[in-house]
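There are two complexes below, and they share chain A, which is joined by chain B in the first and by chain C in the second.
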Partner chain A sequence: MNRSNAILTLIVLALPLALIGALASGPVTIDLGSALASGWRGEGSDAVILWQLRMPRALLAMVVGAALGMGGAAMQGMLRNPLAEPALLGVSSGAALAAILLLYYGLAWQAGWLLPLLAIGGAFAAVACVWLLAGRGASASRLVLAGVAINAFLSALMALALNYAPSMFAMQEIVFWLLGSLANRGWDQLLLAFPFVAVGALLLFSGRNYLRALSLGEASAVSLGYGGRRYPLAILLGIAAAVGAAVAVAGTIGFIGLVVPHLVRPLVRQDPGRLLWASALAGALLLLLADILVLNFIGAQELRIGAVTAFIGAPFFFWLIVSARRAGTL
Partner chain B sequence: MRNSTLVVSCHGLAVERRRERVIEGFSCRLQPGELTAVVGPNGAGKSSLLQALAGVLSPAAGRIDFGELDSAAIPVARRAQLCAYLPQAEVPAWSLAVRDFVALGLLPWGKRVDRQRRVAAALRQVDARGFSERPVTQLSGGELRRVQLARLLVGEAPFLVADEPTAALDIRHQLQLMQNFRRQADSGRTVVLALHDLALAARYCDRILLLERGRLRAEGVPADVLKPELIGEVYGISCELRWRDGVADFVPLDLL
Partner chain C sequence: MRYVSRLLPLLLLAMAPVALAQERIASLNLCLDQLLLEWVAPEKIVSVTWLAGDDHYRRGPLPEGLHLNRGRAEELLKLGPDLVLAGQYGAGRAASRLHELGVRVVKIPDAYSLEQLLQQLQALRSVLGKNPPLEVHYNKLQSLLALQAPAVASGKTGETPTALILSANNITYGSGMLEHQLLERAGFRNLAAEQGAQQLQKVSLEEVIAAQPDLLVLYGGEKDFALAHLATRHPVIRRYIERGRVFTLPAELGFCPALVAGETLEKLTEKRAEFVESQ
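And then the complex of A and B:
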């Protein structure tokens, strides 16, 4: 086995270990073994903490991380640009704006599923706007441009919403939501997000050969049989479903979609197709590890996971630039 | 697995780019075993014609037949198996290893082919086996062209289309590339190249199509098309063209 495959195997093996780590992390110490053994319907506070609080949160971290990693890989592949991330298409902003409006009017807590569902709707609406604005036969670059424009408009709307926030409380809630968090997420959110992420993953994987062909450029991709609107549409809908659902339940968690594909690209011989599942795995692991950090952080305020990923992501970029400078590849 | 030969014929072809006609009333017949050069001034429609042949642009009118079939009626995956296309500037997006890059030419074939054998054979044809593991982003211009040619050849398509493949290459690489295309034609493929170098076109090609503002101005064997008066008129220059043993000596003199 060569080094790349060994690292990929390590990532796969590290996932269950990190899961156990996440289950063991939290403000109270629980007897993990007996709580696990007591099963799903187990009595006692340890079992309840494990099965109702920690397990869904840890699984959600993996699902959200996988969605963001995969979405980033698809986005970079489609735009042939290593600096692309899913937020570029306005997916995150669309979801965020819908969520903000709900928080704004204090409707968020009417039902646990209302906010995520509307946020997913927001993500799809944003992508629909991008698609319509880009128009017929849009090239990848026109799609990005449309995405940037829609994104800018949604950001303006968000700024407006914050500006006229009805109360300090609503504003604080919105800001915290924008930072991204996995706190207090349960089975409801997991069950809501998972089908969307799964469908998104299927759509993205169905476009893996399109992403491969695109590494030669758009004209070559068409000549290889990957023309038409079918493929970009599948990728766009896949990103909207997966990333939209992730943002809907966990807020905007940055940098995973940008950094993870970078990290694993050398492990899959730069293949934009295999990069999809490798980024999903690495994204799941990275977000789970970040959440372990959050869970073990002791402070008066909850440490938001979006802040943690940004703190991992930004220095990583410093390192990326420095190493590229040294190797003379940038 | 090898596709048989393919006659490609255009009938009253028109191509549009940004709602403007760039090719109009174009008819021709491209034969297996023939190396055809498409020449003409910048903006004459060479690239658009090639993109239409490769299925990148759809005809606005007329049709392109692959054998007996209208190529528009052939499923895209099958069409991609029949016709391989190398655009003018193909910049690889990722630093794929050379052999992975070449394997992309097998995408229309799915999993039905022996990838390793095909890629090795294609790399051998362009004399690039020595650097099959190098990242494509670190190749010299000449090496990259050879690797792109391997990508073009790997699917063993009977119809090859390349847009100015010799551009930006040194003289040795130009000759090497043209000889390779000559061999492809000799082995029964239908090959069409857009070329700016008229001497190369005269030396290696069986036929020349001269385009002027989207229309076919002249076609035929090099000696019939490459006449100083005609070339001078189409390009707006004065030039000298002498033939010595089938090799054209082309000297552009001045602007008209």
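And then the complex of A and C:
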């Protein structure tokens, strides 16, 4: 087994360990063993804390992290652009804006399935706008420019929508929608997001060969039989479904979609197909670790998780840039 | 300018006879708005703050022709009030400007405890004069406060049920707060205060579950969606609701406790009696 595979195996093995770490983290000390043994219907406070509060939160962190990592990998592959990222290109803010409009002006608590569906619609519309604005096969700078423009516009609309929302807390909640949070989430949010993330992941996974062909260039991809709009649409829908559903329940957590694919790309030998699931795994791990950090060191005065992912992710990115400069590949 | 400054005292002098009768009362404070609207005849109120018209604070339809002010001296001056009630803080500049111009401005102290609440009502009594609903309210609160807390009265502190407040944004109330006083007076032990909280403090859902209070006290009022309420709508709280172990404080307690403190204390005491009976 070579070094890359060993690291990937390590990530896979680290996930359950991180899960245990997350379950053991929190403001209250609980007896993890007996709480686990008392089962999910346990009545004791330890069991309730473990099964109703910590478990859904940790699983949600994994699902959201996986969705963001995979979404980022697919986006970078499809747009053949190392700077493509769901948050940077307006996918997250599109989803967040749709969720804000529904939650604060619409059906509020009864939203149910409509919430992720609408968020996915918002995400899809945003990425489509960026794509149309930048044009096909856009250069990195043009794409980022279009993304920044759409993203800034959508963020401003989010602030505007919250400013006029009837709730007294709406303004302070801009922070949540811009930085994301996993606090006070339960099984209902997890169950709401998971099916859509899973469908999105399946869509992306089914498009893996298209992404591989695309890495040879658009013309080569067409000559390999990947012409037409069917493939890019499926990928876009996959990204929108995974990221949109994640944003609807956890806000826009940045950096994971950008950094994670870069971190794991050497491990899968630049294969955009394998990069998808490797990024999902690494994204899940990174967000879970960020959440453990939030729970253990920051406590009840919660620093938003989006800020923590940037704290963890940015140094890795610095290192990546420096090492790439040394190797002369950037 | 000089002309205006000379004219204004004259104008105010012309209004002086009305001032004694206090037929035109204005308010520069959200809570005083509510108290006036509740206890004073609507034709005597000339202006309340714009917040009184806000859905969050409005308790009923506002009287017709009532001016909603934005805390500016000139808009009140135009209405010619003979009494302007102001809070301890806020709209201070307008209040002092009006005072300089000869309008009778009375500052009513804010209340953050039961003792201050009595002082606030006392201050209102002395400025509003004979006002039956205010008297009823004042006397009721006074007699409630004269009573000892049930647990202390029976001498059995062992059976004191525990309570914990969980408000929006995971906020709980410690020993220095009015909400704590109400809980203690009603015969509950406030777990947040026992754990050392003095003012407002963050409390996570985990801590709420681990503390296992007998009664979970929520803050009511807000019906619109906000993530701030996510904690109080979490499924783990549903167990408390299903068992009837939840008490919801009225929203008014947060912005104008004088309106509802007495009533809330009575309801909390009833809730405690139910508890002791059921055990």
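In this text, the second predicted complex is superposed on the first by the 259 of 330 C-alpha atoms of A that agree within 3 Å, B and C clash if a C-alpha of one lies under 4 Å from a C-alpha of the other, contacts with A are read in each partner's own complex, and residues count from 1 in each chain.
Here, contacts are C-beta pairs under 8 Å (C-beta built on N, C-alpha and C of every residue); 3 or more make two chains touch, one makes a residue touch a chain.
Bear in mind the structure is a predicted one, so any value in this text is a computation, not a measurement.
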item	value
Touching partner for A:Asp271 - first (chain B), second (chain C), both, neither	first
Touched partner set for A:Arg212, first chain B, second chain C, both or neither	first
Touching partner for A:Tyr226 - first (chain B), second (chain C), both, neither	first
First (chain B), second (chain C), both or neither touched by A:Gln52	second
Which of chain B and chain C A:Ala324 touches, first, second, both or neither	neither
Touching partner for A:Leu17 - first (chain B), second (chain C), both, neither	neither
Touch count on chain A, higher of chain B and chain C	C
Which of chain B and chain C A:Pro27 touches, first, second, both or neither	second
Partner chain in contact with A:Trp187 - chain B first, chain C second, else both or neither	second
Contact residues common to both interfaces of chain A (with chain B and with chain C)	none
Complex interface listing, chain C residues touching chain A	55-56, 168-170, 202-207, 209-210, 212, 222, 224-231, 233-236, 239
Residue ranges of chain A in contact with chain B within the complex	80-81, 209, 212-217, 219-220, 222-228, 265, 269-272, 329
Residues on chain B engaged by chain A in the complex (per definition of touch)	51, 54-56, 76-77, 79-80, 83-87, 90-97, 100-101, 104-105, 107-108, 135, 137, 151, 161
Chain A - residues contacting chain C, complex	26-28, 30, 45-46, 48-49, 52-54, 103-104, 108-109, 165-170, 172-173, 176, 181, 183-188, 300-301
